[in-house]
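First chain A sits with chain B, and in the next complex the same chain sits with chain C.
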Partner chain A sequence: MAELVNVEYDTLIPNNVGLSKDRRVQKALEKWHPGYINWWNDLIPREFQESLVYLRTTVSVDPKGWAKFDYVKMPEYRWGILLAPEVEGRTIPCGEHMGDLAWQEVPGEYRALLQRLIVIQGDTEPGSVEQQRFLGKTAPSLYDMRNLFQVNVEEGRHLWAMVYLLQKYFGRNGREEADDLLRRSSGSEEAPRMLGAFNEETPDWLSFFMFTYFTDRDGKMQLESLAQSGFDPMSRTCRFMLTEEAHHMFVGETGVGRVIERTCQVMKENGIEDPYDVDKIRALGVIDLPTIQKKLNMHYTLSLDLFGQEVSTNAANAFNAGIKGRYMEHRLTDDHKLTDATYPVTQLENDAIVLKDMPALTAVNMRLRDDYRRDASGGVGRWNKLIAKHGIQFEMVLPHEAFNREIGVFAKKPFDPDGKLLGQTEYDERVGDWLPNKADGDFIASLMVPCTEPGEYAGWISPPKIGIDNKPGDFEYVKLHMA
Partner chain B sequence: MQTPAKQHLIDPEICIRCYTCEMNCPIEAITHNDDNVVVDFDICNFCMDCIPVCPTGSIDNWRVVTNPYTLDEQFEWMELPPQEEFAAGAAEETTGLEALDDEISKLLAEAHAGAGGKAKAPASASKASINLHSIGKPAEMVVQGNFRLTDDPNHDVRHIILDAGSLPFPVLEGQSIGIIAPGTNAEGSAHLPRLYSISSPRDGERPNYNNLSLTVKREIDGVCSNYVCDLQKGDKVQVTGPFGSTFLLPSDPDAKLLMICTGTGSAPFRAFTMRRQRVDPDAQNAMTLVFGARTPQSLPYFGPLNKVPDTQLKKHMVFSRIEGQPKRYVQDQLREMEDDIAGLLQDPNGYIYVCGLRAMEEGVEAAMTTIAESFGQQWHAVRDAMREDGRYHVETY
Partner chain C sequence: MSKLIDFQTDPSRYRHWRVEYDGAVARLIMDVDEHGGLFDGYELKLNSYDLGVDIELADIVQRMRFEHPEIGAVVMQSGKDRVFCAGANIKMLGGAPHAHKVNFCKFTNETRNTYENSGVESGQHFLAAVKGACAGGGYELALACDQIYMTDDSTTSVALPEVPLLAVLPGTGGLTRVTDKRKVRRDLADVFCSIEEGIKGKRAKDWRLVDEVIANSKFDDFVAERAMEVAQTAKAGKDIKGIQLGPLDRTFHDDGSLTYSTVDVEIDRANGIATITIAGPDVPPPKGLDELHGLGDQFWMLRLARELDDALLHLRFNELEAGVIVFKSQGDPELVAAHEDFLFDHRDEDWLSNEICLNWKRVLKRVDMTSRSLVALVENGSCFVGVLAELLFAVDRSYMMDGDFEEDNRHVAALKLTPENFGPFPMSNDLTRLETRFLGAPEMVEEAKAEIGESLEAEDAERLGLVTFAYDDLDWEDEVRIFLEERGSFSPDALTGMEANLRFPGPETMETRIFGRLTAWQNWIFQRPNAVGEGGALQRYGTGKRGEYDRRRV
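Now for the complex of A and B:
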């Protein structure tokens, strides 16, 4: 048992799955490894590959060995295969097989379904790294640069986690899928990433923070659901990934919070009371709150699309099969089978939004999206507290779920952020008030100048309240390689 | 009045509600509502599993309280409440607390975390006084001596003797004191106290003198260690404490001690040994010391230690950097003593103390795991039971 908690470093690939005793999978992974390193090296600008970054690396998956911090060059980061420890006697928590012992091998009848879920999850991981590849060049501080790179290497490791499942449990088919994860590329014409939100570029740091807050939070919810899987290796993989995902949530929430904090502070210092006095605020080199709201609108709505159709038989099948549970399934007190249960789902009837009770089984996506909305609204409330502390009259809000949607019952309908259906012409005229336009993007881009002195921060963002690993304010989180 | 107790809290201003702590808590002591993530005072056993997994640092907050905050109170918080005021020395009697102030409590909690849960004092240990002197009201002590203990230029370890004069400063073996280096840090604020283990017994470095000794290694960039190592006879030093109420010596004369240390981790064991020599000079075969160092020249108290008779203290000194000899670490010695240690683990009078650099924990844990397996037990189960009995103690830094 001990060797399954501690990480094996004797193989090329650090792992706690006994890889050295599994020649077939070890060979497959070692064959995949160079392609991965090439992908990484082609992606991240050279000067950062050579820099020493103060990163967290895992030496064991139990909580105490989990976070060791040290300087590492990113290509030398110990990417590996780490699964949460096996829980003896774990049973399938939901669906028709509920109560049976969890599967240690893929059940034949669910092979295709499971493989598809893993491929979709796996495809998002490198996608986000690709989207964020140039941000290092405009980091507002070494602290933020380090956080970006921590997020990047962990997304890279999450790709490894999914590739391991594919290669270990899905044979030749799985190996091909693993190769395709490196072949597709964010924003590519011929082979884009599978989900829309992962083909949008992340042009600036506010977008990065919004992305980690809203889009990575979708990732968190998906991982939470997959962590409930009756396929035990999947559950264990996702449980461990969740501990890493928390850091991404942290980067997003505190990042947006620090941008808001700085704006409010500069407004107060200059006697500006009106948050809509955009030109005056922008002239001071900070991002006005209405523009931050627009960014929020965009990232939130893009992320809602990731939950898929409100009513979905695929989702019902996955739940019923015990392949994917609900958020916090183990804390829910119903029958975990949803045979007769219903769930209220938003539907569009004659252009009116109505709540309709639908079979809960087919509404699993909707339910997860509702959980997501609740989870996402918490941070928005905390941002509003920051604004209120400065005595500024402004509140960030999550837009209505019908606004700016591409997937589901509201797709392509001209709803405004309050959930009011407009005519297409009126919508087109006003959409620039709700979503960032080119001028907004250009302004934010103009602020993106790098700040690489330890302890210094670009003018549009506040320093963090506490350092990473309790380090002092002027800690050199990245020792930049000066070529 | 209720006895003050230490309470683990989460800072709602910094927490991002990712619930990672809640998922990692092995005993479901952490819960949340729509507003806050909170720790249940009645359940939390200070196992510290939640500390490293927190991405924000908000998890690492502690208060000493007379009435613990309820879950409902914590759910309402927008920010952490301030620490209640306690009169200096209010906790003369035992409270189970290591220190009354937040910073020192945190340091000691981290130092003791290697025992795998909330530390407990041996049942027969004397009751420790804590926090008689705080940052606001430090005790002034006078340096009586500063002696070099090692003969290795890279390992300058000092034996410092401090005299408390007429000030009340009761200490027990195994406790620590805080020393405040003069001057200010880069931000212009006064230095916080650094903790040092007392290396003399309770009745003084010299019996019945109100003095105590410390064992301090000079760290290259260490503000406080350089200050202490450079002290001259007659210098005045600002001291806080004493602190610590669990890493203590059992008074029971039948208690058998295994003391495992590296470097200045020997400080409390010098105190333990001297205490026992003074109160029970005829006791035999009741103390064993496993002491690791790079070389004999860098091992503090090498000379004096060798003069303690083996019947009083069985000594095993292991060295990792002697030319021409294989490197040996404390864990290698522990493995060689498998049978003896297995006996000690199963003996209700057996006590184990580990003190030194944090890096030694891993080796000790591995050796203990093997030893526990030799009699068919899981080390962590044995350790947890011993700790609950006040028989397993770790202090690493």
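Now for the complex of A and C:
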């Protein structure tokens, strides 16, 4: 069989899955396509639909990730079905079927479990596009606007990827679930997205950067786990999605970094040493570091909730079935079955946080969350280096996992960011110091004015170090359509 | 599970439910306290329930009838986001001894039946407003409502995932109500009961699994409007005020005995016998409805019904080795008759009289459903009249004293039939206990009817087939003793099976099918290694490991 590395662009739907030979799925996808285009057109403001955006389109899925950059009108973007190349003889990496050949078709026994995982993953992809729909209007530069749209079209493609799995492998039920992915909508009263974090508004660009850093990183961890799946088409899909997800986190990390950089620079230029001199700093039109920390607190804790309950039957079932592995499963050196293993899980006993050894199978979520925390702390360290370079006494920190939680053992308990349990009254009085309050939101919103001249940047954010596709600083990343 | 399970509670002690009253509409909000399980070892996540949750629900349903007769519609809804109710708690079921599981299922069934009937009987219609996952016992809660409304938010679904997930069956009438009540086509029902994710949206309505599917943004308004309509139709223009159900007058004794104001429960642990003695009233009935309402829960027939009900539940759950329950009564037959007459004379015009009659109907069914050898002893001084005589027809065997007994100066044993033995207290098969008793000889029912109001002593009672045996002074003591000793020597399982078979002859109803199938199938499955063995699905649920099944069909 020919390696399906190169992408077929001769069909309506670019793909490397031989769609032209699979009439049934092609038909199903073509039927779904108009609904998707409608969704996209309703979502993104008109003037941007007509604009030419300098976007990256994948043309090959080999490990080098061949891509071409060109100006595209977003509705004409070639959303496609792209899977990482098949690895011959791949086996199931974990659980009770470990070592068996990976499944190329859905095992009947796990149909429901698999379908649920795919639907939940699929539901997050369009969710974030919906949350970010109005940000184009306040982009701090054409560079950032282009990055937003790149993230958006790729999330759209990730939706396609999940829809492909549903339509190819899950029969009529799968097709209905695919339709429902377009029916639900972020923050909708009628049919909200399935996970809480995807129903929150992304009100400003700092939120967008935090979201792509923290929440997309949850997406990365989930995709990493699903890339370990014994259901091979899912594994291949997720492996390829990960290459795109990496760009989203790049946007997040550099975005937050550029905001911090700008703040530090302006503080220095104006001789402000004290990072808590908020009024003075804000008067200069940049976002003070404590407010950035508050935003971090909010997005990080919202993202922790996405990992679900610390001890979870569903997660245990999925792991044992070999449908979802752990982060970097192939690098772990245990038996990959966890039949008798334990894992330390944080629990709440008489209001004290304790670590308790629980059956490792049921603690798969907790483990992934621990991996996430480690992964997320890297960028925070780099942000702190930026601050230190300017000689400012301030450090960004990840708050304690017990703070501001809605799901899991700490849900709705009044813990402060250091993990200290407070009385509800004290918590309510002080929560404004830890999470963005209305005044913080209003201030940030006041800075959100568009900056659409090539090479120019809003005053609260630094330019990037290098351009996309090595383009020069004044490159016109988006040719705005002027109605 | 050695701690005493108490079925008495009151709104100040609820941990899992809230009730909000607004005119003729009540909101019954399920908001289970995760850490409020009756036993250790499990958390009641996602609005899952254990017996403790159901005890509160039973209390609410009972109080709704007596304390809030003004209510015409009860909206059952969830107090949690994204989940209506996830059903019975699986860890609890996995860890519970078999007897507890069976008793739990039976009790939940009795509670479901109670609110299922309250629309027709009392004009209190239960309406399920389903938002969020509604699975297993959660859907069974909804199934027992008169109507099921479901939101169409593209995630909410109804499901019976027991077979695929747990290797057991929906134990609270789920399967039976799907086919018998909602009349879901059997092949679609097969699909529905095999998919763990359930059915959502329009298809749930098309398949008759729910009554209405409503757009999410209109859902709350729809439910509110519908509840208002239902309530107004049910209670139009009636201005009625409830009575208070106070705590029971109940004392536990060290030897396991219990004393209530009208009921005495004596436990003979050595022989596995519990004797329930009912005391007749010692005052005449009220002179009018005002006096009845003034008496409220102190009216003898209501007090007795509540105390007897509590005693039965106590024996079922806390005295598992009391294999034989003996019913006795002592009191003035004329006063019993007078109380009953009063009630039935007024039930058409007075809601409270009616509710007390209905409560008796439920208590008598609770007797029928109690899986113990049930025996009645009609002794001198007894007062088995009308509603109390029903006990004689509920038990597996009855023995009656015949003639004078030495040194016994109580009035001679006699029983008395009233019109109430011929209609208002049907069994679950929808026949009266006498009709069931005389299934092969309907003329005997007519003969018995002709004796209404007569004081029937042993000879007459035996001739009319109203008691099993009558013994005189010479034989009584030995015959009764030998019977009880013999009964105590048999296998409890064989007795449970035999008695359940013999108690419910005649036609099937949805109710008999629910209990019969529960007994036959669910209890069988609950014993099978595929469910409860070390590698069974119920034991393994939550560990991530699959159940290991013995693939041979039985």
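Quick note on the criterion: the second predicted complex is superposed on the first by the 477 of 483 C-alpha atoms of A that agree within 3 Å, B and C clash if a C-alpha of one lies under 4 Å from a C-alpha of the other, contacts with A are read in each partner's own complex, and residues count from 1 in each chain.
Note that contacts are C-beta pairs under 8 Å (C-beta built on N, C-alpha and C of every residue); 3 or more make two chains touch, one makes a residue touch a chain.
Predicted, not measured: the structure shown is a model, and the values here were computed from it.
For the composite obtained by overlaying on chain A, chain B and chain C can both be accommodated side by side without a clash.
Of the two partner chains placed by the overlay, only chain B lies in contact with A:Phe250; chain C stays clear of it. Contacts of A:Ala112 after superposition on the shared chain: chain C is touched, whereas chain B is not.
Of the two partner chains, chain C is the only one that A:Ala191 touches; chain B does not reach it. Rounded to the nearest 10, the angle at the Cα centre of chain A between the centres of chain B and chain C is 150 degrees. With both structures placed on the common chain, the touch criterion links A:Ala352 to neither chain B nor chain C.
In the overlay built on the shared chain, the residue A:Met482 is in contact with neither chain B nor chain C. Shared-chain residue A:Asn317: touches chain C; no touch with chain B. Nowhere in the superposition do the C-alpha atoms of chain B and chain C come closer than 29 Å. In the superposition on chain A, no chain A position is in contact with chain B in one complex as well as with chain C in the other.
Taken in their complex, chain A has these residues touching chain C: 96, 112, 115-116, 180, 183-184, 189-192, 194, 309, 313, 315-317, 319-321, 338-339, 359, 361-362, 364.
Put simply, chain C touches chain A in their complex at residues 45, 152-155, 164, 195-197, 215-217, 541-546. Interface residues of chain B, counted against chain A in their complex, comprise 13-14, 16-18, 20, 23-24, 34, 48-50, 52-57, 78, 113, 186, 369. Residues of chain A touching chain B in their complex: 2, 62-64, 66-67, 220, 239, 242-243, 245-247, 249-250, 253-254, 374-375, 378-379, 385, 465-466, 470, 472, 474.
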